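Each of the next two complexes has subunit A plus one other chain: subunit B in the first, subunit C in the second.
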Partner chain A sequence: MSGTPLVLICTCHETLSRALPKHALRIGIISRMPAAHLEFVPSLCRQEDMDRTAGLLEETKHSAVLLAACSPFARGNKVIEGLARSNYAIPASLVDLREGCAWIHGGNPEAAAAKAVDLVCMGLAGLTRRERSPNFHVQRERRVLVVGAGPAGLAAAGTLAQLGIEVILADRMSRQGGLLNQIGRLFPRNTPSQEFLAPLLQDAAHPAVNFLPKTSVTRTDGDPGRFEARLSCDGQNKTVIAGALILACGAMPVLPENHFRSGELSGVISQLELETRLRKLEGQEPAPPGITGAVFIQCMAAREDARPYCSSICCPTALKNALRLKNINREICVTILHRGITTPGRTLEELYRQAMASGIRFVAFSPADPPKVRGDNFVNAVSLTDALSARRLDIAADLVVLSTPLRPRPETASLAGDLGLRLDGMGFVCGTEPMQPLAAPLHGVYLCGAVRWPVSAQDAVDQGRAAAVKAATFLTQGGVDQKRLFLPGSQSGIASIRAEACSRCGRCVAGCPYGACRREGNEVISVSGIRCRGCGLCAAVCPSGAARIPEQDSASMRAMLREIAPRIIQ
Partner chain B sequence: MNAPDRSDSLPILVVGAGVAGLTAAMDLAGLGVSVHLVERESHLGGQVMRLDKLYPSDHCGFCPVWTEGAACLSHPLITLHRNTSLEVLANEDGRVIALLATCPPAVDSDACIFCGLCLEACEAGGVRGTIKMQPAGLPSDPATQPVPYLNPVLCSRCGECRGACPTGAIDPGRLDKPPLEVRLPVADVIFATGFTERNPAMVPEYLADSHPDIFTAMDFEAWIAEAGPNAGQISRRLNGKTPRSIGFIQCVGARDQRFLSYCSSVCCMHALKQARWVKRRLPAASVAIFFTDLRAEGKGYEAYARAAAMEGVLLVRSRPGLVFRLPEEGGGSTLAVHYEDTNSRQLITAEFDIVVLNGGLTACPLPGQSGSDAGTGNACGFCQEPADVSRSVVQGSRAAALAAMRLARRTGGGP
Partner chain C sequence: MTEPALDIRTTNAHREIRAVVFACRWCALLGADRAGKERIDLPASFRIIPVECAAGVEPDLVLRALADGLDGVAVMGCHLGGCRHNEANRPARLRLLLLQDLLEIIGLDRRRLLLSWGTAHEGYQFAGLMREFTAILAGLPAVDPTLVRPC
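Let's look at the complex of A and B:
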């Protein structure tokens, strides 16, 4: 028996026997695959049959096993997993004779049986030629480099430290807190930002966190489990080793450049400048004179062709600051000019209602007919057409606040470029949407906060904690991504390059989306096991057939096709 | 450097196995913490399993969630309790005890092979429709597969299905069994109970339920799903004809002082996704979305909304006042939407073959809260704050992080 493949055909409690008569299958398969050993079992997914199968494999020492059962989405996956647990490291494969064969061709048993024979023969042809990717072991440095010490980075560092993982926290500024240091209070509850930061700073002041101020990352190399990052710390260069990276380098506000006459008229300021002014005003008692009418203009330089995105935090920020003005002096007329107020959810919508209740006026404008700021030297009014009533409005104002979007920081592109991460059309880094939004396609690299997309301070903190969990899991777990759909007993395939066939043309190096194929010196091309995701692009672009995925290489594919179309495939 | 075995310490209870709960459970297990995952339904994946596609990628939602569910099922540190609800969370001498109640399902989904013989047997017995496939025509998850459902009200307990079942998976007798109760000491609790779609019939002006071509958003998702009853083709429920026009009405019973004052946050993008899908299948159909504020603030969402507009989806800022049947032509088969076009400031009555009502999602309550204060701050996903998939999974991971940190503080030491 040794050396022959075993075919186990599940009759699914005899429910398939009518569509797939046993004798027809036996004759069909043995006439084409005489070496195969055929067994019919009543229900492979039952524990008894699984145990029996394991026993059979041990007794007979077959070279491979083909399970002819149901779809992996039915019970097939369970069968494969059951077999994988039984420690027989022989090639195994699954073909679906139920949903995709007996069921859909049930009315025509002859056709169903012929297709079943074809499926089994194809499965055998592929299986007997199939190879397995070698196992690889990855050393994981139990240390995470967190780039950026804003709310996201601080939360990530604090969380990791409490989970017992060493952290290098690098920030280009001397002080932790990021953009929050320029903001007085935070929506939705008007929390002072330093009060919000305090517990985060406390958590990050852990002995396991090494904070490097005035530090930027100039280059990253290496592989997941052992990244090498070159840092420039206050003029000095140094290299650190980290098993995982968390990018939390944030975003920066777009500043007005003559938008709405901001450079020309006094009193036209950005939302960020208002933050500074509010901090001064809020300290004064009694309320300072000066502002009588404030107009906020939303979506400045956003949601337009040049910057076609909604920055998501500007509406709640404007609501918060409008309410702060109202708190300073209820007499100030505050108007928010908008293109739709974006306050999704429960908490933010509540803030919107609060703003309406406090007497803040909301007027919609059309981007085709933007508001005009009037005045000489000093702003005195804003004119616009109310998009809903079509009435012309002249709103007296001595303060115009421009709500500006966040845009990616300039260093984001090079940081992402070194790691081969994709940027979206706006320059923010992409995760794996929607189920792993904070995980970069490269293992061991995680995103949080505004480097991925503009977020509120609270969301940045939540993302920081989430990214920390992912990084901790990556560093403490044995395996990479043990999820698998079809391949039994192993993770999906890893590309390999046969040195003797390789022409060193480098197409695989250029084509690999994960940076897994790489040239060592000028000579051999090697594949990094932890980077490779088994996508097979290298095999597709290789002109000499040197790059391949052992589990799915072209020889076995051809052998499978030959089973059904001998005249077409040579 | 493997995670230490924490199986001896008390487990963390995760309530709800939608995407948020699954993520929380998987992340905790990844850190070496043992988890008990409680799910009220028989299937994993929650509401996402009812979604044919996920925005903004328009990729199928089933596969990634299915894979996550399969990984969860086979994880040695996760104990799954299906068909189970958390009844009480009690604090006894400083220990948190969860009382779980499991209703044994009439169909054992581990034994069922989905052969459908019970369905045939039930029809032969003349009790038509007591067993039906669920969820509505959509693929299901690794825990259940398309397991038949025995409706306890319609089932006559004749036992024909039990006789027909080749694996002994179905037993109507179990329908009348009391739930099985289990007391489980836990270290912490994470709530991820998700949301339910409010019945739009509460909004009187929109005729919901009174016409077959008025859908809720989730119904419409199932109706046009590629794995659904029409294999992705779009037709009218009334007569099977191809619709000439489809209108989506947003904020139905939401951002409305009479009903829910908040914004459900996911519906704008959900309607855009369905509208684009309709446009792709039926380029000639006119498709309109009536919105209050078009909230497309997430990553890539504004681009998605712009693409929809480019593809001819009409975006109308308006909250229609009335949906009614047109009296003429075939007994009022066509619907009309009466609204004010805020661009032209005119009152318009437009005909639609199909009207989809969007909005009004309510968080499921956090169960077992009386008599204990454990874990109330540790909710994630929609039950905490309206959230889509991308946000829910982040919240799930965050809840796992906070629970793991609390555990590390108590036991001293990390994963």
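Let's look at the complex of A and C:
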């Protein structure tokens, strides 16, 4: 028996035997694959059968095992996983005879049986020719570079330190806290921002965290497991080695440039400016006189052609600040001019209701007819057409607050460019949407906070912690497990390039979606094992057949094709 | 000298249609699985080869399948912009579109190479595509092996 492939056909408790009669399968398969050893099993997914199969493999020393069972998404993947766990050395593969054959060709049993024979022979042809990817060694430095010390970066650094991983926390400012340092209180619960930051700062004050103030990343090189980042620390150049990177460099508010006559009239200010003023006002007792009418204008320079996105935090911020004005003095008339209020979720919905209950007025306007701020030198009114009633309104105001969106920081593009990360149309960094939004397509690079998309401080913290756990997993065990290549939940293989066949044309280098194929100094093209995800694009573009994924090599693919070609040709 | 042997000669009505489907395991394979779960009755004309990414399907492999006597080849990947492999399906699509043109030039119907980008993700979508593809292939004659000789 040794050296022959074993075919285990699961009859799914005999339910498949009607569509795929056993004798028809046996005759069909053995006549075409005389070397194969065939076994019918009532249900491979049962633990007893799995144990029995594992025992059988141990005894009989088969060269490979093909499971003919159900779809990988039904039980197939579990079965093959279970078998592989008992013996990784035996190449194993799965063909789907239930969802892929018996269940969809029930109306034509003859054709179904012929197809099942084809599928099994095809699986065998591919399996017996399958090669294994070469081994490679991945060095994993147990150190993470966190770029940005805002709420996301602080949470990531603190979490990593607790997990016993060394952290370099770099920020372009001298102080930790990021944008929260410019904001007094946070929605939805009106928490003072320093109170919110305190536990994060405390966690990040761990001895394993090395905070580098006034630092920017000028360049990153290297591979996952060992990135080399060149930093500029307060004018001095420095290179650090890190096993993983967490990008938490956040976003910045768009400041008004003469929007709604902001440069011209005093009293037209940005939301950020209001934060500063509120901090002064809230300290005073009793409430200072001055403001009698405040108008907030939402969606300044957002949701328009040049900046088409909703920044998602400006509505809750405006509600929070409007409520703060009301708290200072209930007599202030506060009106929010909006294009639809965005307050998703339980807590933000509550904030909205609270704002309505406190007498804040909401008026919708149309982007085609934006509100006009009136006054000379000082603001005195805002006039607009109510989009719902079509009435002209004149609202007396001595303060106009422009809700400004967040936009990506300028350095984000170069940082992402060095690592080969993709930016969305707006300039925010994309993760592996939709399955792993916090992981970049490259192993060892994680994203959190507003570098991905504008988020609230609490969401930034949550994402920071999640990214930290992902980075820690990668450094301790993640990446590629060679034993598991081609198994479910793992990648298909790792590309290799045969130097003697390679013409060095560089098509794989240009095409590789992960920057894994690259040109070495002497023009030879090599593959970085840790970057490769086994998609096979390099093999498909290679004109000389030098690039290949051993596990899905074209020789085995061709053998599979020959098995399903009409019989007359052979 | 007559016209070159084109793909519009006699149609063999009782011929068994054979097609191969290269299905991306992140997208079209799910559609195929779903069609199976819903037990949608389909013509038994196609055999699926699961692939990691549609980008890994070499144009040469498509030609080889046709040279082996298969009536058609389908390559099914994720929707454009939703590739599991960082947009690898965009260059793959361009390459295979070019191959469709080349098939036409050598005298084979371009519909023998079915391309699907994210349109086979649901069971009924996969089933619809397979029925349609089988019907198209049934209207075409067997591939003349002298037309396709991959290197």
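Rule of thumb we're sticking to: the second predicted complex is superposed on the first by the 506 of 570 C-alpha atoms of A that agree within 3 Å, B and C clash if a C-alpha of one lies under 4 Å from a C-alpha of the other, contacts with A are read in each partner's own complex, and residues count from 1 in each chain.
Going forward, a contact is a pair of C-beta atoms (placed from the backbone, for glycine too) under 8 Å apart; a residue touches a chain by one contact, two chains touch by 3 or more.
This structure is a prediction, so every number in the text was calculated from the model and none was measured.
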Q.
So in the superposed three-chain picture, is A:120 touching just subunit B, just subunit C, both, or none of them (first/second/both/neither)?
A. neither
Q.
Contact-wise, after the overlay, does A:390 reach subunit B, subunit C, both or neither (first, second, both, neither)?
A. first
Q.
Contacts for A:342 in the overlay, against subunit B (first) and subunit C (second): which applies, first, second, both or neither?
A. first
Q: See if subunit A has more residues touched by subunit B or by subunit C, and give me that chain.
A: B
**Q.** Which superposed partner A:245 touches (first subunit B, second subunit C, both, neither)
**A.** neither
Q. With the two structures laid over each other on chain A, which partner does A:527 touch: subunit B (first), subunit C (second), both, or neither?
A. neither
Q) Can A:20 be said to touch subunit B (first), subunit C (second), both, or neither? A) neither
Q: Would you sort A:297 into first (subunit B), second (subunit C), both or neither based on which partner it touches?
A: neither
Q. Should A:68 be classified as contacting the first partner (subunit B), the second (subunit C), both, or neither?
A. neither
Q. Intersection of subunit A residues contacting subunit B with those contacting subunit C?
A. 73-74, 433-435
Q. Inside the complex, what are the residues of subunit A that reach subunit B?
A. 12-15, 43, 45, 70, 73-75, 77, 81, 140, 142, 159, 162-165, 303, 308-312, 340-350, 353, 387-390, 424-425, 428, 433-438, 452-453, 459, 462-463, 465-470, 472-473, 475-478, 482-483, 485
(Q) Looking at the complex, which residues from subunit C come into contact with subunit A? (A) 16, 18, 20, 25, 29-30, 32-33, 35-37, 39-44, 47-53, 55-61, 64-65, 68-70, 82-88, 91-92, 95, 127, 145
Q | Residues of subunit B defined as touching subunit A within the complex | A | 1-3, 19, 27, 30-32, 54-57, 61, 64-68, 70-71, 74, 113-115, 117, 139, 142, 145, 166-167, 255, 261-263, 265, 293-303, 306, 317, 342-343, 345, 385-390, 393-398, 400-402, 404-405, 408-409, 413-415
Q. Which of the residues in subunit A come into contact with subunit C in the complex?
A. 71-74, 96, 98-101, 103-108, 111-112, 114-115, 118-119, 122, 126, 422, 433-435, 441, 491-493, 511, 513-514, 533-537, 539-541, 549, 552, 554, 557-558, 560-562, 564-566, 568-569
